[in-house]
Amino acid sequence: MKYSYYPGCTLKNKAKVLDAYARASALALGFELEEIRDWQCCGGVYPLGSDEIATKLSSVRALADARDHGRELVTLCSACHHVIKRVNDDMQNVADIRTRANNYMQLDTPYTGETNVLHFFEVLRDRVGFDALAKKVVNPLKGKKIGAYYGCLLLRPGEIMAFDDPENPRVMEDFIRALGAEPVVYPYRNECCGGYISLKEKEMATRMTDTIQESASGFGAEMLITACPLCRYNLNMTANGLPVVYFTELLAEALGVKEGIEA
Amino acid sequence: MSNVSKTERQAAMIREISGANPAKCMKCGKCSATCPAFDEMDIKPHQFVSYVQDGNIEALAASKSLWKCLSCFACIERCPRNVKPAKLIDAARQIVEREKGGDYLSPDEIPALLDPELPQQLLVSAFRRYRR
Amino acid sequence: MQRIGVFVCHCGSNIAATVDVKKVVEMAAREPSVVHAEDYPYMCSEAGQAKIAQAVAEKGLTGIVVCSCSPRMHEATFRKAAERAGINPFMVEIANIREHCSWIHKNIEEGTEKAIILARAAIAKVNLNAPLFPGESRVTKRALVIGGGIAGIQSALDIADAGYEVDIVEKTPSIGGRMAQLDKTFPTLDCSACILTPKMVEAAAHEKIRIYTYSEVEKISGFVGDFTVDIRKKARSIDATKCTGCGVCQEKCHSKKSLSEFNRGLGTRSAIYTPFAQAIPNVPVIDREACIKFKTGKCGVCAKVCAAGAIDYEQKDEIITEKYGAIVVATGFDTIKLDKYDEYAYNQSKDVITSLELERVMNAAGPTKGHLERLSDGKHPEHIVFVQCVGSRCSDERGKPYCSKICCMYTAKHAMLIRDKYPDVKVTVFYIDVRTPGKNFDEFYRRAVEEYGVNYIKGQVGKVAPQPDGSLLVQASDLLDNKQIKLKADMVVLATAIEPDPSVRPLATMLTASIDTNNFLTEAHPKLRPVESPTAGIFLSGVCQGPKDIPETVAQAGAAAVKAIGLLAKDKLTTNPCTAKADELLCNGCSTCANVCPYGAISYETKLINDHGIREDRRVAVVNNALCQGCGACTVACPSGAMDLQGFSNRQIIAEVDAICR
Amino acid sequence: MPVNEKTGEFTPKIVAFCCNWCSYAGADLAGSSRLAYPAEVKIIRVPCSCRVNPMFILRAFEKGADGVIICGCHPGDCHYSTGNYYARRRMTLLFSMLDYLGVESGRTRVEWVSAAEGVKFSTTMNEFAAKIHELGPNVRLEDLRCKNN
């Protein structure tokens, strides 16, 4: 099984491991991530203004490329996923954006939202299946108490992202369970880490990650996992906080394909 | 068009850019109960609506809240009336940024803000949010 | 050739403000067959009706057009007026120039032009009207009440007291409904069971009332005065004639882990159970999904311990078919599911409960025997937070757009009861508005604040975060203080929106009763006929029509009963004469019409037909006027154009189309 | 083409067939709630949407109507149990035939409006009228012999 794959800027730089572990794990699970050609940065944040078109075009280009290959489009970084999924929704449902974007793009076949956008977690849950994943685990992460950090971008707005219950999600907990570890549910797992505010207002962002970290360790978590390099960066700002790792690192470890990948 | 005041034009623009309808608000305050940046804001999320309705755009545009909203969408998710306070404040931010000199982040500031762990994504996002 | 009179109503200024009535009169007078046209401020008044009689007498009118409000308002009025004046009532047509014209258009030219066209259409139709004569149908003097809560019980008692037979059908094993689950009632703090159980007993003992519990309505056919209803009496697995209600079977039952529906899933019950101690009838049922005997074939302990030998594992569902003249719907409500509101952590913490669950917690017969305690660990709470409007007043997909009406009052009740019994417990209520219209209601709420020290905060809760120590952190807004606050609480009680019981949806389909987008049954008129369905013979009692508290429910139940009694008191009903009729000369007996008729009103006869001199036996369709309801499905299906609908004939409708497109 | 004499604008003729039990009552509710829709819409009351003979619609177009809409009870809520299902099937066939004849599909519509949906009635009529304005006058089926002038 082959999926089109959109890595995004950070996965080519600071978060290379997030990408490398994912690819290795995918092969171990019997599917392949094929990077789309000439992808461009998604912009990091979804342009909220209903009159912004140009800032959505890089997503449309990626979506159209996947469509042309007849594949589903897989993402890893929460921010890329959020932007691309929402632009896709616009292309499906907002006639004005669809028309104007296609006018800019001049594609051979206009893009109208045909591509299905999947986050890597959704591939694991809905395509591979957590039961099947559990069977492929060679190094069960027994005894590890892991808190899942979802953040905002994967979950909200719930209607469009349709990723999980935005107030009480479970996909990452199920994932942790499939790897043989013990998920720790804590209430701030879907609260904001501060996002881009951490560039100029470190203190404010730190106050927010402190709350998250404290909540997770209060419930007995020993580490946190995340899908987003920015969440990880922010969560690491908390002094003496729990270690934060990418979920793909745990996945690769459990599947026994971690060796040889540069951390 | 000359008899339409600037504030009226801006209020209309906010409605258009945001796609939100402030008239739907029932003033329940759930947005302000939800907002993780509430304490940092001078104009609170539940007040955005009345500022737009009263055409008090200048005050909204001058507020700190513009730069404190995290776009975490929690208020949008939980709003029982589909008012979307985050979109209102974001539209106000865009009105400011689309005017000359409205940028909140200058490339000159960047070197001092960098650290070795900082993900590229953060710079990209901040540029998108803070500048035209 | 008809002689038509046109009467244009001003309806005060309701019509006259946006329609130039004089102009309408002037233009109508020019239409063919119109021999009289006039306007009058209130056509529906005595004087207005007298104008019709006068014109009939003076001008010899044969048809009448009234340009006025909707025919749904005053068609009957004007038909009666025509009848009194000596014209067949079906020679009257209404041009709706109020609801469909003056009220929705602002421009007087536009309104006038449209009113003239609507008048022309009505005139064109009357030109083709023919006198029609209603038939008669009989009335079965028995009423059916669907739902055995306080609404159904009250309606049944009132109908029975008037001397008519009533059957109550209740889907659960006992009558009593939601009210039986409540602990106390506002604004008097009466014990709910203490005032309900006497009514339950009275209904059960009434010689005119039969109660079918653990039963559901399965099929309804017929029409007003003559409904035929199939009731499925589900197998109780108990012979009710033998059972003494001693309760030993429930004590000895080996399967005790089923969640108690009566306790809202907060406690357990045995597989053989009566839902609560005062249940009526006091006869248990076996939950076959939970029963070990039914699941494995082993066990059978209830049969062994039953001294009366009442246990019957072989019992089957039974279908009872009965005829009724009137049906009262009293299907009640449930609280909405809170799955989409987990910012309140309802699915994450046992200490976040709905108000109805709190009723069970506070009740002496409930899961905690009436002790107020955290359900997670049994700890005595120090602080309880109430959240109002959970799922009510929402315009998103998660909740309901309406106000559930009862929450403000029961929350004040809960707060007061808790502060009264446990003065050490702090109570905080988050509200958007406190809505207390009703006798002694606001006084009641003020007592909660002033005498019981309940802390009301204007604001909403954004998130409830369970804490490692078992407490709950409530993050909320205090709008009057313009602050975001975080409170530590032990329990959070959600004033959950109510919605019509889901059983009402398929029931409405069976009754062909209309239902609104929120699944509340629609009333025939929102103000003037609030307890009747637009479908004749169907009456609405309680929350199935809209959110209500107990006194309102009882009042409406009584009103619905009176309407039903009014119907049952008649020996005959006049039937709608606008029925289908086949032209024997055109009919070729193909059976297409009979296949689409939902009432089985069409049959075929072989008749001697004289077709322009050719006399031959032909198979032709014959409509039974008592069964035909006048929908017109057959008229369109008929390939030869033989079938037509009286009062809405092809020629009449085409005349209207022509008049509008002229 | 029907034209407003004063403004010279196209004022379409729109015929709405409304069933007595749901949609006609919905139109009444729109009226009593003062929910405006264009005066171009004229309502004909029928007992049920299944009373609407395709012939009536053809006749309307022939006589110069620019749009025809049929409103009935929501599926499952028909006062006569199944009438709206008949209407739906008949209209599907008729509309595809009209489409074949070159009558744009936007000129015909079936909509379910309950007695409680005054708002829906009004928005439906506004939308439908806007669509007819967009399509312009109907000339395809108009019987010129029927013209008065």
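Per-chain numbering from 1; labels A, B, C and D assigned in written order.
As a convention for this text, contacts are C-beta pairs under 8 Å (C-beta built on N, C-alpha and C of every residue); 3 or more make two chains touch, one makes a residue touch a chain.
Since the structure is predicted, the reported quantities are computational estimates derived from the model, not experimental observations.
Enquirer: What chains, if any, are shared contacts of chain A and chain D?
Expert: Chains in contact with chain A as well as chain D: C.
Enquirer: Of all the chains, which has the CA centre nearest the overall CA centre?
Expert: Chain nearest the centroid of all protein C-alpha atoms: C.
Enquirer: Please find the two chains that have the most C-beta pairs touching each other.
Expert: Looking at every pair of chains, the most contacts join C-D.
Enquirer: How many angstrom between the C-alpha centroids of chain B and chain A?
Expert: Between these chains, centre-to-centre, one finds 25 Å.
Enquirer: Using mean C-alpha positions as chain centres, tell me how far chain C is from chain D in Å, no decimals.
Expert: Here chain C and chain D have centroids separated by 30 Å.
Enquirer: Averaged over CA atoms, how far is the centre of chain B from the centre of chain C? Could you give it in whole Å?
Expert: Computed from C-alpha means, the inter-chain centre distance equals 46 Å.
Enquirer: Multi-chain contacts only, two chains or more: what residues does chain A have there?
Expert: Each of 167, 191 in chain A touches at least two other chains.
Enquirer: Listing for chain C: what residues touch at least two other chains?
Expert: In chain C, residues 343, 463 touch at least two other chains, as defined above.
Enquirer: Which chains touch which?
Expert: So, checking each combination of chains, I get A-B, A-C, B-C, C-D as the touching pairs.
Enquirer: Quick one: in the complex, what on chain D touches chain C?
Expert: 13, 15, 21-22, 24-25, 27-28, 30-32, 34-37, 39, 42-48, 50-56, 59-60, 63-65, 73, 76-83, 86, 90, 114-117, 122, 148
Enquirer: Which stretch or stretches of chain C touch chain B in the complex?
Expert: My answer: residues 343, 389, 393-396, 398-399, 432, 458-463, 475-477, 479, 482, 484.
Enquirer: Hey, which residues of chain B end up touching chain C in the complex?
Expert: For chain B paired with chain C, touching residues are 24, 26-35, 38-39, 44, 46, 74, 77-82.
Enquirer: So in the complex, which bits of chain A are touching chain C?
Expert: 159, 165, 167-168, 185, 187-188, 191, 215, 218-220
Enquirer: Help me check something: in the complex, which residues belonging to chain C touch chain A?
Expert: 339-343, 345, 347-348, 397, 463-468, 473
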